[in-house]
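All chains are identified by letter, namely A, B, C, D, E and F, in their written order; residue positions are counted from 1 within each chain.
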Amino acid sequence: MPHKPVKSPPPSPHTPASVTFPRKREKEELGKGAGTPGTPGGATTAGAAGDDETVITALELASAELTPAMQAYFDKCTEKLGFVPNVLKAYAFDMPKLEAFVAMYNDLMLAPSGLSKLEREMIAVAVSSHNRCYYCLVAHGAAVRGLADDPVLGELMAMNYRAARLDPRQRAMLDFAVKLTAQPWEIEESDRNVLREAGFTDRDIWDIAAVAGFFNMSNRIASATDMRPNPAYHGQKRQ
Amino acid sequence: MPHKPVKSPPPSPHTPASVTFPRKREKEELGKGAGTPGTPGGATTAGAAGDDETVITALELASAELTPAMQAYFDKCTEKLGFVPNVLKAYAFDMPKLEAFVAMYNDLMLAPSGLSKLEREMIAVAVSSHNRCYYCLVAHGAAVRGLADDPVLGELMAMNYRAARLDPRQRAMLDFAVKLTAQPWEIEESDRNVLREAGFTDRDIWDIAAVAGFFNMSNRIASATDMRPNPAYHGQKRQ
Amino acid sequence: MPHKPVKSPPPSPHTPASVTFPRKREKEELGKGAGTPGTPGGATTAGAAGDDETVITALELASAELTPAMQAYFDKCTEKLGFVPNVLKAYAFDMPKLEAFVAMYNDLMLAPSGLSKLEREMIAVAVSSHNRCYYCLVAHGAAVRGLADDPVLGELMAMNYRAARLDPRQRAMLDFAVKLTAQPWEIEESDRNVLREAGFTDRDIWDIAAVAGFFNMSNRIASATDMRPNPAYHGQKRQ
Amino acid sequence: MPHKPVKSPPPSPHTPASVTFPRKREKEELGKGAGTPGTPGGATTAGAAGDDETVITALELASAELTPAMQAYFDKCTEKLGFVPNVLKAYAFDMPKLEAFVAMYNDLMLAPSGLSKLEREMIAVAVSSHNRCYYCLVAHGAAVRGLADDPVLGELMAMNYRAARLDPRQRAMLDFAVKLTAQPWEIEESDRNVLREAGFTDRDIWDIAAVAGFFNMSNRIASATDMRPNPAYHGQKRQ
Amino acid sequence: MPHKPVKSPPPSPHTPASVTFPRKREKEELGKGAGTPGTPGGATTAGAAGDDETVITALELASAELTPAMQAYFDKCTEKLGFVPNVLKAYAFDMPKLEAFVAMYNDLMLAPSGLSKLEREMIAVAVSSHNRCYYCLVAHGAAVRGLADDPVLGELMAMNYRAARLDPRQRAMLDFAVKLTAQPWEIEESDRNVLREAGFTDRDIWDIAAVAGFFNMSNRIASATDMRPNPAYHGQKRQ
Amino acid sequence: MPHKPVKSPPPSPHTPASVTFPRKREKEELGKGAGTPGTPGGATTAGAAGDDETVITALELASAELTPAMQAYFDKCTEKLGFVPNVLKAYAFDMPKLEAFVAMYNDLMLAPSGLSKLEREMIAVAVSSHNRCYYCLVAHGAAVRGLADDPVLGELMAMNYRAARLDPRQRAMLDFAVKLTAQPWEIEESDRNVLREAGFTDRDIWDIAAVAGFFNMSNRIASATDMRPNPAYHGQKRQ
């Protein structure tokens, strides 16, 4: 799960299974130009104080104690990304839910597949664009920019994938994923055959469907809870 | 995952980790009144011969060997339901995917929650109705009929939940789930507050969102792969 | 078209041509699992006491005295179906309206046509599914199951006709009927030509349009009045 | 219901019950400014020569011999309107269908009701506007202009009823009719209560629903068959 | 801009730069058959008394003094049309806005182009029909009737351009304009190629897009301000 | 019009009225990760060689000679922004069209108004997000980031303005602009009154409508022509 908060402090060594999530709304969400918002709902924050005082969601859900596996995973996020992605903090009120989410996410996005990691992220962003999911567009738009080493491709996926100069295979992949998002009831054998003709195997078709399906789930959990992305994503790989 | 195929044979004792899924299209899907269909695509079937010769999906994906945990789970399905739900057979080409799906499904639908199991199934069916997902409407419609001991409530959820005589709490729950399905980008604090005023806690809101999100994923995987429900569901709890 | 209202005059003992419609809401509509509903509106019920104490619609409309022709028709319904379909009881507040409805219905659904009775019922259900009409899905779903002698085909029509294994002729017929339901303004000569190429005559095209049109009317009258189907439909032809 | 069909038998002088429908496409439909169209399909026209040489629909359906009742009705149309409305000619290939249509139409639009005839025509046009039905907008737009003695009101109904200066009762009536047209599955008791608060009785609600439902049927039959309005409507009551 | 109000008085010679716009709602908008409306908002009227006592928009915006160029333009409108189109009066609260609008409008609709003036007006009306803009449908429907010398073509454009008998070139032009209106994000090279194959140059494509775009702007300004068309349009070119 | 291309060379002094637009597709649009695109259509490029070898649109339209006023304007763009925004180059095939566009744009976005320049840009981006217009989202997203001095606000407007923490006035402004974009036919006095209650004057309402309308035009011209934004926008104000 390729995301990260600004300057989130490493968990102190003596509290191996607890996360500390800050509680102040971050500076840029207040929006100099955008007026002063009221706080929506109770605003879930997690953990103790810290530099990255992020409000994660609009729900008041106290963090649970991280299991050792999840602590290790959070530590790895901090080490590699510099922060723990907010979606993980949002799920951290309940370890079975967090673990199930992490297991499915990592299998889908990182396990071997006929789809490259970049292609899976492109599906994530095109689906999230259809669903206008702020969290996922910010976090996975950054992933596309990073994996493609291309500051523009993430924008194209987030704004209108049809405007991107894609090879026919990737275009077919995204057309299927977005139709499956918008009108799943209209997907038929002819749609699968377009993918097969573009070179995808049946296993690839499963993976396209599974990634598109997963983000149709995640987009809705993020929108339902007003999940906010870690601020660090915004500036990543812009040049 | 409470579902089941007709007369699926018990796995033989000496092959504890392999499943046998039949390959002929079942009788009722041929549709006496509905003409003779061509076979769409390759039509995934799984395993060896058997009485329940079901085509599970339109994808050709060979079953993997079940891990002991999954074998035990499939055995329990057979014991309790009389069959292994086709969605599990569909995922059985890859054990990490099957296990992640089972872990998330069981946590969402069976773990303790402020929502009853019936309420979670009602969300499943109302979401699947919006998405017109044949597999999920059949399998989870049967679950609503069974859990409610009411042959009509499942029909109401599958056809138009707005026509059901629901208490205001359940109505608010389904309104949120279906709006989240149809226009996730329009969910805001005011929508969450309607749920709070109906008596739901923030944790309940998470659960409503998570179940609705999960079926937005599952509906799409089922539609993308033309997943067919086990025939046994159709007649369950009709009187 | 198998299917009652408040303050309907008690059938006088010497007038065998009057119907008695019960007044209590039937058991399954109260929904064990679905909470206790308030009564919507005044809830039209019709007639005196009886076993099937159904609330027919949300409108308070007193039953008129049946004309001899309509009495004979209701008697025939009772003889053949075991009950008078609620849609007929709903129209029974006004004899000219009832007679016009019955005349049009019987001509469309029962008179000679290039479409089989089953095909006309398939159109009825596919259109009612698009319009999510609870009354018509229940009543005509049962008709499809019965005419096809197939417990599954009715479900497929009610849930998503695109998932059914249909021959190309029936598929073209339903595609036309559902497009005509969803976007009538986009029907053009090319759509009619698809039907002609599938083997339909111009007279058949009229009949497809007329049945689809009729259920676009009936769905709306049922939805506008909260019409409730006779409970007996639910269990018909489920095995 | 002011509105004619190829190969209709020439009226024999001694059979007063047959109609003569012309066969040339009328001048204004060729469209000076709109290029020369190909003929769509076979183009149903009816009857022998005559002044109004109209193609009625895109379907080739030979006119049947009018029953005496229908002949009398057509004669009355000619006497009062100067022509037989094309919708009647379109149905004239089959007397039971024509009679059922005429019976239902006349009951709905002309029988006593809490809605004025103008109000019923306003519903007809607002519904037909949502469905973008050329035939019904032309024929019933003229009816609104005539009944209201107002050249503008028909335009408002046909273009966007929300732009009309209506009293709250008529506005509520049209809002219900158009919602019932666009999203019948979302009509609930609260919608009926808005009508009751605007002064409508339950019987009036039935009539609003029945007229809106009827035009949802007629719009689709007209669109499915490419029905063309009689040219005379266009210039009626324009000043 | 081909439009005009009833009997708008010529600006008196001594006030060369001021317009007088009447303030009473015109007779036909009150709608004999349509009840008595409340006045929406403050109802912008412009200028002093006059015969054509039109309410132009729902916004209270005082007319500015016309620049000599705009006065000359208004005079020319009055001379040629008999009135100043209300859209011009609506913009007349601010001269730079009026002048920019007039410059763009006249260039688009009147300057040399591969599209005839009638074709540009056909696009205007088909786009306005999709957007259900009362002002533009009335004003530009009259323009189509006049330029085509055809009382029917304007109706077809306003009601459903798909029902018109158009040559393939004009049909392709309107299909592009309406798709660009409804789903601009789905316009791609294949859509432009359909136009090229129909004989349009790239410059023509620009003009189609620019006219369609302009009316997507104007429709929204008219709807946002409840702009009312000059009554004179209604009767123009009806026979 | 606040936009700019990378390192576009100043027009050489001896060719005061001609612009030079490069012709190679820029590096980032080729998309390292996104495959190799075919060239869509002929791809409008303008002028001679240069550093910023941008393809502006998919239309082949030769640049006209700039009028002195437009040359001065282009020079000012280059001076202030470092480049001439591609939308201006796209219009530069015809001077009256370019001048009309520039006059309207500058009046709307820069002239005195009750709306701040930032607010006008926020409307531009929220409208462009609804219409999924790549060009306008890139160019005006950068403008919001710059005017707000806030790298996040532009993202929020481009992705889902409902997720932004806005004061009620700005929220009402955007709700009106987006409803006017999506369903202009449903804007009524009650919508205008919400704006008045939020503190907007009638003149402000005009300006909101005019800016929203303008971008509904520009979005469509950009989408119809596949207009590509200057690459420099992407990196602007990201930290």
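Keep in mind that, in the parts below, contacts are C-beta pairs under 8 Å (C-beta built on N, C-alpha and C of every residue); 3 or more make two chains touch, one makes a residue touch a chain.
The structure displayed is predicted, hence computed values, not measured ones.
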Any chain that touches chain F and chain A: B, E
Least step count from chain B to chain F, where 1 means the two chains touch: 1
Neighbouring chains shared between chain C and chain F, ordered by label: A, B, D, E
Chain located farthest away, centre of chain E as origin (C-alpha): B
Between chain D and chain F, centroid-to-centroid distance (C-alpha), Å: 47
Length of the line joining the C-alpha centres of chain A and chain B, rounded to whole Å: 25
Chain E residues counted as touching two or more neighbouring chains: 132-133, 160, 185, 188, 226
Which chain pairs touch, all of them: A-B, A-C, A-E, A-F, B-C, B-D, B-F, C-D, C-E, D-E, D-F, E-F
Contact footprint of chain B on chain C as seen in their complex: 28-38, 118, 122, 129, 132-134, 137-138, 144, 147-153, 155-156, 158-160, 163-167, 169-170, 226, 231, 234-235, 238-239
Residues of chain D defined as touching chain F within the complex: 160, 162
Partner chain C, residues of chain D touching it in the complex: 40-42, 44, 58-61, 93, 96-97, 99-101, 103-104, 107, 111, 131-133, 176, 180-181, 184-185, 187-189, 192-193, 202-203, 205-206, 208-210, 212-214, 216-221, 223-226
Complex interface listing, chain B residues touching chain F: 185-186, 188
